[in-house]
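There's a structure below that I have some questions on.
Labels for the chains are A, B, C and D, by order of writing; each one numbers its residues from 1.
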């Protein structure tokens, strides 16, 4: 072995090169990349305009057939421009829009990534989740948890468009993807339409003869008329300083999030409501159900209107504004918070300067 | 809008190009990449020979000083040859070897990735975890959970070498790294040596005046003499068909894994013990404490001896063999199983053909 | 000491007498009393007719004033005829009827026994629970958990009568009664009417800004129109073989029972529905909301009609019958099941002979 | 109906008499009995001297044979002098002493009341718990949980005497007693001696191949040499202000109490240690393992020495004193605290006057 100080024969550069050929990596060359003082992410706050997204998915509807000679799913992923590969909207979540034309079916399959659907437009379609048709109407939330069979049927007479959010980037990064097609196309119906809604939809009165043991909510459907009524009921309350009247969709058997990997929320911002800023380590997909406003992210204003979808990266300051004097604004969102809580990685922090609101850099 | 069938002016290729400039990605171009029937991983089963690793970390000990003019930590990561970047040994775990020479200190810092240390050689050193010195001797397990301060002191007179396992790839992929250096170098000692061992080490008799509420085990030290005694005590039992006499290091306040992201195990294979094969979705780092044997991974034999470390990817068939007629073999291991269980992604499956053992492809 | 066999000087009778003066009791004299093969109870299956109970509580209404010169509460307990002392309906539960006349108040107090109210008749009254007025109308369920302040106000113009169920016998037998009167009479209103219903009443959409940590449901009110609608919604389902369409009132934050000591249920028996028999170790108070039928208890028929209340002892075979060809029957019930589950004492067993139904002894 | 004020014909006394014949009890006649400001108990603080108890159980050993012509168990219950009936030491717990002579067996049975044994003297005996012999030596704790078979065998050559603590009064008051004799006398041995100790005794290293799902600790034995070693190890710590160095025996799979109804503790009072006073709603059985001292209960001094057993009622102020300048004192205790916690009835309060110590009334 060679002494360190006076050696020319065996220097550190050479050592580093050599060990790299031996599947060894000097930590001192990587530590600065890895151990950042605060989270580093390539995820950008980014907003997809509904006018554009709608036009594009309708174009896809003319170009891409569903089924054997086309696509299994007619979906455009909202790919975060900060991320190079794949279909990620944040590091854990994929948001996408999906179109099923009147008369079409998207055949049944299942996968270990979980998904939620939030319906944007159309009537008369349903998703068959583990044999149970879940009806789809604008504002409805439908769950297709990890490894549940699901196929889509549009028996109406207008195009059905919805927002998908999946935990695909998470499950891919964990190398945990399983996928299977239903052997015979569309899974037959084994239960009544909206059966789980009937059974479990009144979260405070549950059937005594059922004892679901799933890690996800056995309630698969959350209907819009109920959701919006609750928002209006609670609109008189102070609500959250950071989110206005924000409600968590819950598993009625636990009170917890609907899926082990994704939590869903609906929030109402009253006319001119401007929330305080905070940041947290969850990343979030927001979708605007109604209203005009903006979310200020690290000092930059993302202005939004109906149908728009935007991404909120990890650990960014953010606050919400309803720009209208008259109209309410409603945002639906999906967060990876349950992942971070389960792994003891969740943090949040209020913005304390300037009365709790960021000074805006741009508009 | 252009009709699909007869249009030449607006074809699907052009559509796909165009939407990609608009942060939209056609799912049908990605689905086959993403939705694999079974987990796809670039992680390879790979074994690092102790003779090589030891030689290289001792060379690093002569080349790389610790501290201001050198490295914060003198560490060689066991970088999986299947992964291009970074310091990952599996998609969630980093294994590494660390050396602290007699008289050296590695100053205190903390980070959101959690770590464990399993001591390989040396005497007279300790790690200060949140003010508590944890003594280090071969075979000891020491925890430095998420965001606990930790620094290392070698007050002995020989080099101290240990195995580190961290959840760095997991925490990096979740964009959740926080890192902070202790303001004044080494954190002062605030508690007695091995204080948590004194308080909580007898897992069945716990102090009534303490109510730890951490998500991780408040017991930071698991000493080898106790561990090996337990293995020998239990060696008369059948044990696990897949792992022999395998014990889980537990949090005495929950009976669960020591950390929310990593579970640690010690397992003894009796002379000539050859376990049955199974596969699971956890990825694992194994380190050979003693003995000669092999782990057969998807039909390929990874032969191992004392000090060797190897990686087990997700969802591979594996079985363990002690090749000796006389000597026991002992493997320490770290698994990401708690992550997968928390996210409802854990699966396991026994190998049912051929009496539960793979036919070996290679030796 | 004296040898056993041949001694006349010191016999066992004398020994037994002597040790009893020393606070020692020979177990062999008590074992047969204590260790019964199956539960022994003095609780009888007993039915209180509503016509009688109503007449009597109205008479109490003319005889017993509320307040300083009268009673704190105008309540008649349904005392089980099998129990000698006190106000117990089962060994753990007290059922009672309470009357508050128009214009009267029952002042605020709190106690460690928990209570529920199920409203029988009247309009325009409310109970103030920890500062929150909970409105009362027939069929409503109101909780006043352990140590919550509660007072009753009848601001309507008719008598208000309800069923109280408390865990008084349980808490008394555990020697755990605490009791306190509100210093200034009726606790002032600090929240809006039915505030908890507004906040938590939609069990599947919960406010994100609230994190109740109580061991009891923070939802204090369950309104009849919602309850009965759910029963009708679910009436098309098979339901429970033992209870028909039986729903559990739940804590929306846990999915569990409303109180740690009492679970509440509502069940609908369809015309001519006759359930199978089973037995369990819970004791139950049943109250008939509507319909005509019977519950067969250990072969004896307890015939019931609207307003009747009856007790079901521990470990008795029982099945329910709706005697009407046309009308539904609805039973409200309160069970000590959560106590037994928490203490690992709950058992249940189906009746397997005779097609699952007892042969009736009497009518 | 008769008006209240001017009626002589129908007065309240007559009403009260009449309704009592109808299984109705006016609450206003009972409320003062039931709703006490603080817990009322007939349980007295009482101490049983070991010299007396030992003499009496040995006399029983000469008078009362074990087995068919004698008693199932040769047990003297420490019956609280404040309680009229039965074998209760507190309202929930029965303490007793049991003797099995050399060569004797107490045949196997099981019951829904749970029991613990704390060995006082003798060697060479064991209890067979669900087929597993648990060895008995002074200071050992053995569990026989709810509905586990258990029989006792003294294969040594000296009398075996131990303290039993059962939750009999609790289970009786809940009307939940089930009891069954083992069909063929003593249950055969199905596992090795102290098998559970071997499997689970190292609470921080648990077998991966076992997943006990019992509500009680699957570890049935806690050996004295380990217990006392832990006390000495921790004797350097401050410990609890109320209890000195007090340790909870735990279920290694949960960190919680050993049984759902009873928690067991061991506590060491250092020479001249005099703890602070507090009170709590748990009732407790204390047994003196070694040392001379006193427990001051609501101002009255209960002086104790080795082998003495005493009862602590609910909600009494109490503090402990070791009277020796030289010797440690050790108390074993059993508490009904898990019951109260499960039912949300547990409270505790420190004594704040007089530096935290009661002024003593008597000695």
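Throughout what follows, a residue touches a chain if its C-beta (ideal position, glycine included) is under 8 Å from a C-beta of that chain, and two chains touch if they have at least 3 such contacts.
The model shown is predicted, which means the values in this text are computed figures rather than measured ones.
Q: Could you work out which pair in A-B, A-C or B-D copies the interface of C-D, where over half of the contact pairs coincide by residue number?
A: Duplicate interface of C-D: A-B.
Q: Mind checking the centre-to-centre distance between chain A and chain C? Centres are C-alpha means, answer in whole Å.
A: 44
Q: How many angstrom lie between the centres of chain A and chain D, each centre taken as the mean Cα position?
A: 53
Q: Measure off the straight-line distance from the CA centroid of chain A to the CA centroid of chain B, and report it in whole Å.
A: The computed centroid separation for chain A versus chain B comes out at 30 Å.
Q: Mind listing each pair of touching chains for me?
A: A-B, A-C, B-D, C-D
Q: Per the contact definition, I'd like the list of chain D residues that touch chain B in the complex.
A: 198-209, 219, 222, 226-227, 230, 233-234, 237-241, 243, 245-255, 265-267
Q: Taking the touch rule as given, give the residues of chain D at its contact with chain C in the complex, in rising order.
A: Answer in residue numbers: 1-4, 10-12, 15, 19, 22-28, 30-31, 33-41, 43, 46, 48, 52-53, 56, 58-60, 62-65, 70-81, 86-87, 91-92, 96, 109, 111-112, 146, 168, 170-180, 215-216, 260-261, 281, 283, 313-315, 339-340, 342-345, 347.
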